[in-house]
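Below you'll find the structures, each written out as structure tokens.
Presented sequentially are two complexes of chain A, the first with chain B as partner and the second with chain C.
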Partner chain A sequence: MAAPLTLLLIVAVTIRAVLFRSSLAELISERVEVVSPLNAWKRVVEGLALLDLGVSPYSGDVFHETPLMIYLFHFTVDYAEIVFMVSPYFVDCLSCLLASLDRAKIAIGSNNLKSDLLFNFPGCLRHIISFSTCGLNNAIIALFIFCTLKGSALLSGILLALATYQSIYPLTLFAPALLFFLQRLYIPVNLRRSSFWCFTLQYAFIYVGSLVVITGLSFFLLGSWDFIPSVYGFIFSVPDLTPNIGLFWYFFAEMFEHFRLFFICVFQINVFFYTIPLSIKLKEHPVFLIFMQIAIISIFKSYPTVGDVALYMAFLPAWSHLYRFLRNIFLVSCVLLACSALFPVLWHLWIYAGSANSNFYYAITLLFNFGQILLVSDYFYAYLRREHHLTHGLYLKKKDGTEATLVLK
Partner chain B sequence: MAAHRCGLSLVFILILSSLACPSSCDALEKANENTGEKQSVSDTPREVNTDGSIAAEDLNERQWQSTDVEADRSDGTKDSESFTAAARDQFQEELVIRPLHSGDIYASFQFRTLWDTDFLQERQKVSHYRLFPKSLGQVLSKFSVRELHISFTQGFWRTMQWGQPFIPSPPGAELWVWFHDTVSDVDGNWKELTNVLSGIFCASLNFIDLTNTVQPSASFKPLGLGNATDHRFLRYATLPREIVCTENLTPWKKLLPCGSKAGLSVLLKSEKLFHSSFHSQAVHIRPVCQDEQCTSKAWELRQTLNVVFDLYTSGQGKKEWSLFKMFSRTLTEACPLATSSKVYVDITDNPEGELFELSPATPLLSQAVVLGDRRTYSVFDLTRAEMFGQLRSLNLLLRWKGDSGDMLRPLLHAERYVAGFGLQTGEIHTVIYNNHPYRAFPVLLMDSVPWYLQLYIHTLTVTSKSRDNKPSYIHYQPAKDRHRPHLLEMLIQLPPHSMTEVTVQFERALLKWTEYTPDPNHGFYVGSSVVSALVPSMVAMNTNFTQDQPLFSSFVPVKEESSYFVRVYTEPLLVNLPTPDFSMPYNVICLTCTVVAVGYGSFYNLLTRTFQVDEPSLPLAKRLANLIRRIRGVPLLA
Partner chain C sequence: MGLLSDPNRRKALTNLLTRLNAPICMVCYLAAIVWFMGLAFEPFTLRTYMSENAMGSTMVEERFSSGERALSLAKEFDAHKRKAGGMPVEWLVKAMQARGLEVFTQSFSRKLPFPDENKERYMVRGTNVYGILRAPRAPRTEALVITAPCSPGNSDNQAVGLLLALAQYFRNQIFWAKDIIFLVNEHDLIGMQAWLEGYHHTNITGMEYSPLQGRAGSIQAALSLELSSDVITSLDLILEGLNGQLPNLDLANLFYAFCQKLGVLCTIQGKLQRNDWDTAEGYTHAAQTMMLMVLKQACGRSWGDHGLFLRYHIEAASIRGINGFRHYKMDVATIGRLLEGMVRKLNNLLERLHQSYFFYLLPSLSRFVSIGYYMPAFGLLAVILLLRVSFPGLDHFTFFNPSGPGVLTVLTPVVISHLTGVALYLLPVHLQEMAVEHFPVSETEAVVLTAVAIYTAGLALPHNTQRLLSGEGTEQGWKVLKLTALLYLAVLLGCTALINFSLGFVLAVTLVPITASMTPHMPKALSALAMVLLSPAFTILYCVFIYQELIEAPVSVGEGWMLFLSVISQGILDHALYGSLVYPLLALFIYPCWLMFWNILFWS
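Right, the complex of A and B next:
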């Protein structure tokens, strides 16, 4: 197991190093699918330049990273390449770890890693060399999942706070992490039990406490609260309509002014809205809940990039046992692959050739998100169905002994 | 009978009005007539002199004479303070004609009204207006304006072909205002002021808002009295898209004391003025000193109008022009309210008359140091009746004999363009030329870029002679989306005889569909960048303040002899932005909501339902049979 894994990692490092050095990196680091206004490396450099000029980076509307990020890069800007090269490994290691969670599947763990690399090749590859801080955010979330799975409540809480601080949305991962720890400590989810409340408060305290500490720290670093509207206000109110692979940009470019606030609320609530019903439905399966939450975030967030898609796709090998229950995986993978190919084509036609218009690119984002929704709900369906089969047997029979069909009712 | 009564009442009104305001127009007219007569008498023996200095002396004397007369009058008529103030209001008009090397004609009108009032006492209520237009005076006091400069320009001044203009202006509309430092809400005052000016000049200045207003820290210093340096009280905005036409000219002419009835302003016929290569009209208001010792202060209103006619191509290749050809009018009299009214023709390149022939010939010559160069002008003084000759009209005529030589390259010159392709990113290139053979000098470059072009300041490069030229001062204020534009100011040292290139990359934003102009694919204008510099002068500049300087050479205060101030505006840019499809907001809302609903629906389905074995229901016939069997009490069918 160890030898092929090491070999694979070495190969992967080589590929990435070569790609980083190639001219492809420059080409890809400005693509709208890969970088968003939130995490473009160019904007980080701009923020650093503003800092050097003595202008607050948050006084303009170019820089939207958090203060900790800018001070991190302030000292490591020369080594940024290494940071970007290393951070995606957390995601890889995560998927490897997830695959090996199930002891029975340890033998095929490395195969999964391979299949991971292959499965989301177009997305992942672009993401890897994209030079966007999305990789770092993903690394934080991957570390958070790692710590959660290893059972360290303290580290998990801190990393979750860090992820929330980076981009607000990982807030919804609080519920699955809590459920996981409760399950791990054999505490039943019962609102009348004091042990439940005791642990919940403990974990919430770690989380909120570290969030307050991090925010306070950035206030002292920066000396003002300017970053709150510039980072979180920017995420919530969607003022920048630069095209990306998400649903927001064209919708709000074409929105009637007096409905804007209403629809912004509707779209943003959408991300957080599924947490409670999903937590109730999947309270026995917190790891799958994490996957569902991350997928929903990456579909419905305001500035999604391929990096976000790559994060939840890294989980897919862990659910390889669900393949036989997926209903339309062929269709979905075709749609996603076709979209990945069509994104750059239609972008070129619209922006450079001028022979297409914005509707072309919009149509492909629509299709891409439709494909993602289909993929996630298909996995959800397959997971639920597998659970059903686990309790009722794989081959169901009707009363009269003929083969039965399973339906949702 | 009715006519008779009308005539009587008219006479009556006239008498009444002349009784009511004895101090205003007609009194001044008389004063002018007096000075005119005296002066023509005193000037006659000197007419033979062609020397410039004597002409200047002559002017001095006249100036002295006229003030003398005014003093006499005020002594004699024992009247109130307001009358003396009235006597010290002053109006001058001037037209400079410069044949350009390209074969074009540059005509520059300047009208200067001095309003003798103590503007520093802010709360003082001013209700008396004589020569100064009341509409502007009220604006000044209401909004606590310290200095106001507004220009409307159609066309682009080609520095490389035409040299430097007397007062430069960027294409479109430009407005910059210094407020008094007692103003607390500068932005509020600015907003109201732009709206009021928009009404006064019939221009779309009401489109000036916070998204195109900047506060330059160094490029726009006050030109008048007082050394205000706090740029919080300065507002600068340009509207590069503004179209200038007749409706802007008419209100501008109305500000003149004589309107377009007499004096030089009769030449301002809009159908000719707008049939030109370049047209620029401006209003500059600033506080100035009345005299050399600066014992009293006054508001100066300077109205300028610059126009470049392309007579060479429209005149079938004949280089020949006259006032009539240019303006379809000739001059018949000076404005009676004007203390001086002159026409200058630049004859520096034609000392012996070998290049062109000017008629009628004038013996009066004048020399002035303007824009770092000593120029010679033929002067036509319109206050002297014999100027108009027997026909009672003055029609200057200039007939070219030879071909003009090459023009000296202007020492400072700048141009700008957008590089790159596609609608995603781009690069603004500003190229500044220093054509001085051996002197290096610093320039201030100011760029105001709208927020929808996101500048990346870390990509800023300044290179001269293919070497990095680090600016010694950078003031950068990044844009806020939909709130304020980018402002970039730099102090760059230009090496002698060099080309300095400033580049900065930008990214184009996609706007909301309602934020686009009605013709979005035409593109969006980005205002000119402004290059301000103290250029080393070839000749010693005149730093003394004298009354008799020609108006065109006395606009920008000269602080030192060795250099002169120049402002160069580059071309405005036209940048295309990506556009959404404007025709389908409903479709987009429906389609996106559908996708969200698909997500919601499928999750809802999976969350609320459980898996069950599908038990197909019995066919209808069997169900009916079971119903009957139940009634009969017989076992049911399966």
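Right, the complex of A and C next:
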């Protein structure tokens, strides 16, 4: 398994390297579907320049990366390409690992990596050669999932803190990680048991402690608390309304100031809210819960890009055993494919030809998000149905012996 | 979400679609054709109206009267043009300066990829001359452009003369709020492209030009004038621009309003509007006008000097004076008054024209069809493709199963088809020297014949592709290829129709019937003939013949063939010179898609 895997990796790295050097890279790194104000490389370069001049990089509302990220790039700015090329591989390798680690499922092995790279390629080709720090964020989340699956609570807590520090939304991954560890340590999820509270408090302490340490470190690195309004305030209050593939920009572009706070709260709560019902339903299946959470974050976050979409799509091959229970996969793929083709067309018609307007582009954004939501809910349905079949048998019969069909109401 | 989650209803719908698939497809196709032809029927169209408030409510009294001066200037221009053998730069500069404009020149040069046989040019060098009339009281942030071409021979002298007379008349008015640029461009579209690129500091076509010394702010609208006679009988409006882009309908409405006011006969596509819409001749007349507009828009070239402005989001139209066989003739002063009125109304604009439609079809100058009415015709054709995707026997699961014979067997024909498309795009221009060495043809002929040769060579592909496939030519193989190709075609035609509806519709009308019904089990000879007769190249040939019929200059088969070859060479030149997208679209996307279906037909 090692040899074809290495060969495949080498081929993929070569393709990415070639694409990086081509003129296509410049074109794509400007596209709004690929870079957002949070993770555009241009803004990182701007921030680094300000840092070199001794001015706070957060002055001027251009730069919205965390201080640790600035210092990382400060040291590796000459090798930025290599960093961008290598970081997506964490996600690829992890999904392969997920497939082989998932209990009671057939280990599909290297085939999975091939199919995973195949899935990755069309969906993330633009993401691959874009210069954006989204790849690094995805790598941190992938490492966090890796450490969780390996059972190391300390590392998992630290990496989750790092991921939350980067963008706040991975906070919702605390619940599935906790559920995974509880399951692994055979601690029942019972609010009256002291073992439950003991472990929860330990894990929460690791997580909150690392978060505090990282935030304090950032403060000492830059000497001021500027980064909190610039990064977290920016993510929460969504001041920048550049069009992207998310749902926020159009709403807030046409909203009256009076209602802005209310709708910001509604939209942001939407991301965090699904954790509670999903955790209750999927408390026996934390790995799938992690997948659902990542998907929900990618769809509902304030500045999504195709990189975020690539993150949860890379994990789809890990659930290839659910394929036979999916109902709408064909429709979903067609919708996502058509939207990917229509995004640049309608952008061109709006911005360059001047014939269309923002409504056309937002229609495609809505359709794209609808496709994603349909995909996620379809996988959820397939998972639940498979669980039902595992307990009640594959061929369902009604009481009088005739064949029954399973309907989700 | 009942349909998406309720398996019983889904099953019922899928059964219905599977049983009635072919009848529904045929009904949709016929409905699409009937809908499209019905668009020209007058009760289904809307009367045009002025949408922009700033242009509608002001009264303008036109006082231009220097018709004689315009004609004498035209004669002087003609004499100096003959003497200089091209653009009489010094005379124009002096004439414009004498009229109080700030005059600048721009020189440009361009080497065409191969000689243009229609206009007989290869190495083009020229100069544009333009004068800016600065607005007396307003800040210089916006501009309007009036342009007249400097054409070889006897054409367009009166246009330049009228331009200079208008400049002199405008100089004496104090109400101008925008700067007015009077531009005389040499070598029609090439000069115009050089000027626009210089003005906007872009370089998208590889033109060499000297930078513009004088500038006037952001251009709000442009009018191009083509006038070749002292008296005219009617004025023709030309709207179609590069890549089928159209200016805002308000510009056409403005022209029509002024023609009504001054009693000038106005035509579109050279055809005069008729009042008898309820007779067969009236309907045919409107349908012919609409078809002409569709054909002109589909070929993606700019049909007047105004066409290149549209890419920069500047609304522009061309006005051509026609001297026909009518009794009532108008002099140049009337045209001057018309232009004065139009420019004064454009002067009142507070923002760019955006209120009216950008996507429309005109069966006549006072009636229009908006995108909401004509898009369902294309939608019905796209629905056929989507219905065929779910045709019986196709198992969607094999497509997504990565370990089955699914995606990888499909990859070979797809890659080979696209490589042929790339060859069709790149090789004709690059191999012209080699072709000229070995064959007794000129460069233009070499380019066009190479393109035709590569196109025909692609027909032999399936026999070679089958040998490369590792024996996976099974039932599932062609079905997966057909699924991929149908989806690809649907997305491609959809994107094309959004950008250039006419091109998308014309391609869909010929491609959808053959592709939707293509299977390897059909009688090979007959279906091969049908596929070839409905292939993109033949579509272009039919369009050439239909176009010639519609402009009442029918051609014989031999002449039609020569016209077809010149259309191909013009398409390649338009792409190289101005960035027209029709040739790359056809070569790199539509042709490979058609080749994939050709592969399916010969699947063994």
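Please note the rule applied: the second predicted complex is superposed on the first by the 399 of 409 C-alpha atoms of A that agree within 3 Å, B and C clash if a C-alpha of one lies under 4 Å from a C-alpha of the other, contacts with A are read in each partner's own complex, and residues count from 1 in each chain.
Following the convention adopted for this analysis, a contact is a pair of C-beta atoms (placed from the backbone, for glycine too) under 8 Å apart; a residue touches a chain by one contact, two chains touch by 3 or more.
Keep in mind that what you see is a predicted model, and the values were worked out from it rather than measured.
**Student:** Could you figure out whether chain B or chain C reaches more residues of chain A?
**Tutor:** Looking at chain B versus chain C, the one contacting more residues of chain A is B.
**Student:** Examine A:Arg192 and indicate which partner it touches, taking first as chain B and second as chain C; both and neither are also allowed.
**Tutor:** After superposing on A, A:Arg192 lies clear of both chain B and chain C.
**Student:** Which partner does A:Leu337 reach: the first (chain B), the second (chain C), both, or neither?
**Tutor:** second
**Student:** Taking the superposition as given, does A:Leu346 touch the first partner, chain B, the second, chain C, both, or neither?
**Tutor:** second
**Student:** According to the stated criteria, A:Arg327 is in contact with first (chain B), second (chain C), both, or neither; which is it?
**Tutor:** Once the two structures are laid over each other on A, A:Arg327 reaches chain C alone.
**Student:** Regarding the shared-chain residue A:His258, is it in contact with chain B (first), chain C (second), both, or neither?
**Tutor:** In the superposed model, A:His258 contacts neither chain B nor chain C.
**Student:** Taking the superposition on A as described, I'd like to know which of chain B and chain C A:Ala49 touches: first, second, both or neither.
**Tutor:** First partner only.
**Student:** Give me the intersection of chain A's contacts with chain B and its contacts with chain C, in residue numbers.
**Tutor:** Of chain A, residues 352, 374, 381, 405-408 contact chain B in one complex and chain C in the other.
**Student:** Give the list of chain A residues in touch with chain B in this complex.
**Tutor:** So the residues of chain A in touch with chain B come to 30, 32, 42, 45-46, 48-50, 53, 55, 59-62, 239-243, 247, 249-257, 267, 270, 274, 277-278, 281, 299-300, 350-352, 357-359, 362, 366, 369-370, 373-374, 377, 380-381, 384-385, 388, 396, 398-400, 404-409.
**Student:** Under the stated contact criterion, what part of chain C meets chain A in this complex?
**Tutor:** So the residues of chain C in touch with chain A come to 4-8, 10, 245, 310-311, 313, 352, 354, 358-359, 396-397, 399-403, 407, 487, 490-491, 494-495, 498-499.
**Student:** In the complex, go through chain B and note every residue touching chain A.
**Tutor:** Answer in residue numbers: 421-425, 451, 454-458, 474, 476-482, 486, 507, 509-514, 578-581, 584-585, 588-589, 591-592, 595-596, 598-600, 602-603, 605-607, 609-615, 638.
**Student:** Going by the contact rule set out above, which residues of chain A touch chain C in the complex?
**Tutor:** Interface residues on the chain A side: 111, 114-115, 118, 317, 320, 323-324, 327-331, 333-334, 337-338, 341-342, 345-346, 348-349, 352-356, 374, 381, 405-408.
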